[in-house]
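Shared chain: subunit A. Partners: subunit B in the first complex, subunit C in the second.
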Partner chain A sequence: MPAVAPRSGEAIFASAERINSELFTLTYGAIVRQLLTDLEEVDEVNKQLDQMGYNIGLRLIDEFLAKSNVSRCVDFKETAEVIAKVGFKMFLGVSATVTNWDAEGTTCSLVLEDNPLVDFVELPDTCQGLHYCNVLNGVVRGALEMVSMKTEVTWVRDMLHGDDAYELQVKLLKQIPEEYPYKDDE
Partner chain B sequence: MVREVAESCVDSLLIEMVSSYADRFYATKPDLAARRIEAIGYQVGHQLSERGRLGCTDTVTDTRTGLGILGELGQWIMGYTMERPRFSDHLEAIKFICKDFWSEIFKKQIDNLKTNHRGTFVLQDNRFRWLSHISIDSSPESPGVSQDGSEATVENKAAQAASMHLYFPCGIIRGALTNLGIPCAVSADISNLPACKCLF
Partner chain C sequence: MQFFGATEINPSPPAVTASGNNAHMIYIFNRNGVCLLYREWNRSLHTLNAQQDQKLMFGLLFSLKSLTAKMDPVSVEKVNLGVPQLPGQGCSFHSFRTNTYKLSFMETPSGIKLILVTNPRTGDLRESLKYIYNLYVEYVVKNPLYTPGTPIKYELFNTTLDQYVRGLG
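What follows is the complex of A and B.
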């Protein structure tokens, strides 16, 4: 029997090396501010934040798999639950909830009510088109791509724009079958 | 309670920030990339010291500790606006950076502090946290055989790549000190990874 995947990232988070979130939050804020100065266009900043997140996700998945002991998920529903309850918790210290499934079971929402990225953040009027937390989209997309799932991730709700929570819509575009056998010996 | 995140969040963000600036936005202009990365650090250092909440990780059990530190930091800043004797204040501020500030960010104190008593301070960290995770892609052929020139280039490249990661912490220190009333220039020297010296 394979090891049962943890239902929560609580224990992993508790045993991980942690740091006062202020450094993280302020660093992210300073990066966003610098990008706004350098790139000028809000759309371009959104794009670059997503790209940075994507690159982070490509690498973070290794740490996730190594620490979480999660084995293969049976379907996308389980994948979404694992991201929300284990993935978010073990890195950011907060869990998300999974809701709004479509009939096919390929689109759902991850809802964050608490989000350390936005502590002390207020958007000025000039940045209304900014998806401040766009790095999170990229991380989810990048990490899932490394486990053979092509996804599209978009913001539905954003507290910085006056909504009551953060809602990320994750849409499974296609699952890329893994190719066996790996040609290790060549 | 003080909110925490996994340390790998900060590590990943910094690695990606440095590579975005150094390899993508300003790939052909390392000077500009360095200046931008330093500017990001400056903002963080400035805000960290401004918030005055440094060193408060242990306030969960004892709120008085937190207040004490808050008060202390407040005094730092007030002291400067009241123009205390310059020299002793500089040293005190540097000590604050070496102990409280450094521990808060890097979970250890500075290993060695030197000064020429003319305004230059050298802070040495023998195991600098943000460099200890970095591996450098240098593929040394057998060092005994390779020509002196090529070996030097490989080492040079390695140092250059590592130094890109130092502009951020230099910026943090400059931001914090500037906010404490000490305008300064901060530079870093790595002769022996992952040790790091900061000069200012």
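What follows is the complex of A and C.
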């Protein structure tokens, strides 16, 4: 039986159930607002958003693999392209571009021109250190960890801090192949 | 039959045939060897206790994957036997058949392994395994009360799965 071809991000996004994008944006805003009230420290909020994103990423990867039908990516370059074009498109409705590859091919930047999480948002002076979309860092990190890649994801450019686009730097730390999990004593 | 509202599942389920329950059992493992699900419908011979049986199954697949990758006459990559591989890398086997049963296998890049044991006359079950993976995503992964990496104990998933497997030709 011939393998089913991977579906494009557009196709999956078009066929998924829709909700109002404002509802999504405002819900996310409410989460950040509540975290700021509960934790007060901007660094703590950043960490918590990253952790939330990580937990989302662990589950999101299965949904992504099931809906998009992509097979294992050959190298990190392909992985980054798949995340930018299929992943982001499928879940956020916007696709990202991959730029700034380093010499070894282990670090790259995902650039987002448009980000539905930050519609209507302006950071007040008290929260200048806040990475409002830090949940995205966690999601990418969590999802990649489930496909055996340990990564570090940081923000390089952030429109809420005055830059012209959102730039996420993804750095591959190492690949963790599957080990036989049972001990050999049985 | 629409399970998930307006969401389109890819692939759509194969047509239901009336051949009764010819699947023997199903296993779902995650990448750490934890057996997330074991269900049997038609298994007359039990050789080991459940835990050992699951370990044996996982070990079997782990070794088979390694072996099939090593014996690949076409692949360009060099694979060393016994060296752990990334899930999905190398060639992957998808079924084996004996005179009494057929075992179909699917592994996702995230390390989820689905094993379905059926009667030997069953055709290629790769699409069916993909559908079961979709069911897993919709009913288990998306459930906020489910902790990833623990055994699945959801009636809704179990019933839906039973219904689907019953319809496999």
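Note that the second predicted complex is superposed on the first by the 171 of 186 C-alpha atoms of A that agree within 3 Å, B and C clash if a C-alpha of one lies under 4 Å from a C-alpha of the other, contacts with A are read in each partner's own complex, and residues count from 1 in each chain.
In the analysis below, a residue touches a chain if its C-beta (ideal position, glycine included) is under 8 Å from a C-beta of that chain, and two chains touch if they have at least 3 such contacts.
If you're wondering where the values come from, they're calculated on a predicted model, not measured in any experiment.
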Touching partner for A:Phe91 - first (subunit B), second (subunit C), both, neither: first
Which of subunit B and subunit C A:Pro177 touches, first, second, both or neither: second
First (subunit B), second (subunit C), both or neither touched by A:Met146: second
Touching partner for A:Leu36 - first (subunit B), second (subunit C), both, neither: neither
Partner chain in contact with A:Asp62 - subunit B first, subunit C second, else both or neither: second
Partner chain(s) touched by A:Ala16 [first = subunit B, second = subunit C, both, neither]: both
Touched partner set for A:Pro116, first subunit B, second subunit C, both or neither: first
Contacts of A:Arg7 with subunit B and subunit C, given as first, second, both or neither: second
Touched partner set for A:Arg72, first subunit B, second subunit C, both or neither: second
Touching both subunit B and subunit C, residues of subunit A: 16-17, 59, 63
Contacting residues of subunit B [partner subunit A, same complex]: 2-10, 12-14, 16-17, 19-20, 25, 36, 39-41, 43-44, 47-48, 51, 53, 57, 104-105, 107
List of subunit A residues in touch with subunit C within their complex: 1, 4, 7, 15-17, 58-59, 61-63, 65-67, 69-73, 146-148, 175, 177-182, 186
Residues of subunit C defined as touching subunit A within the complex: 5-8, 10-11, 31-33, 52, 55, 58-59, 62, 83-89, 108-112, 124, 126-127, 130, 133-134, 136-137, 141-142, 148
Of subunit A, residues touching subunit B in the complex: 13, 16-24, 26-31, 33-34, 38, 48, 51-52, 55-56, 59-60, 63, 90-93, 116, 119, 135
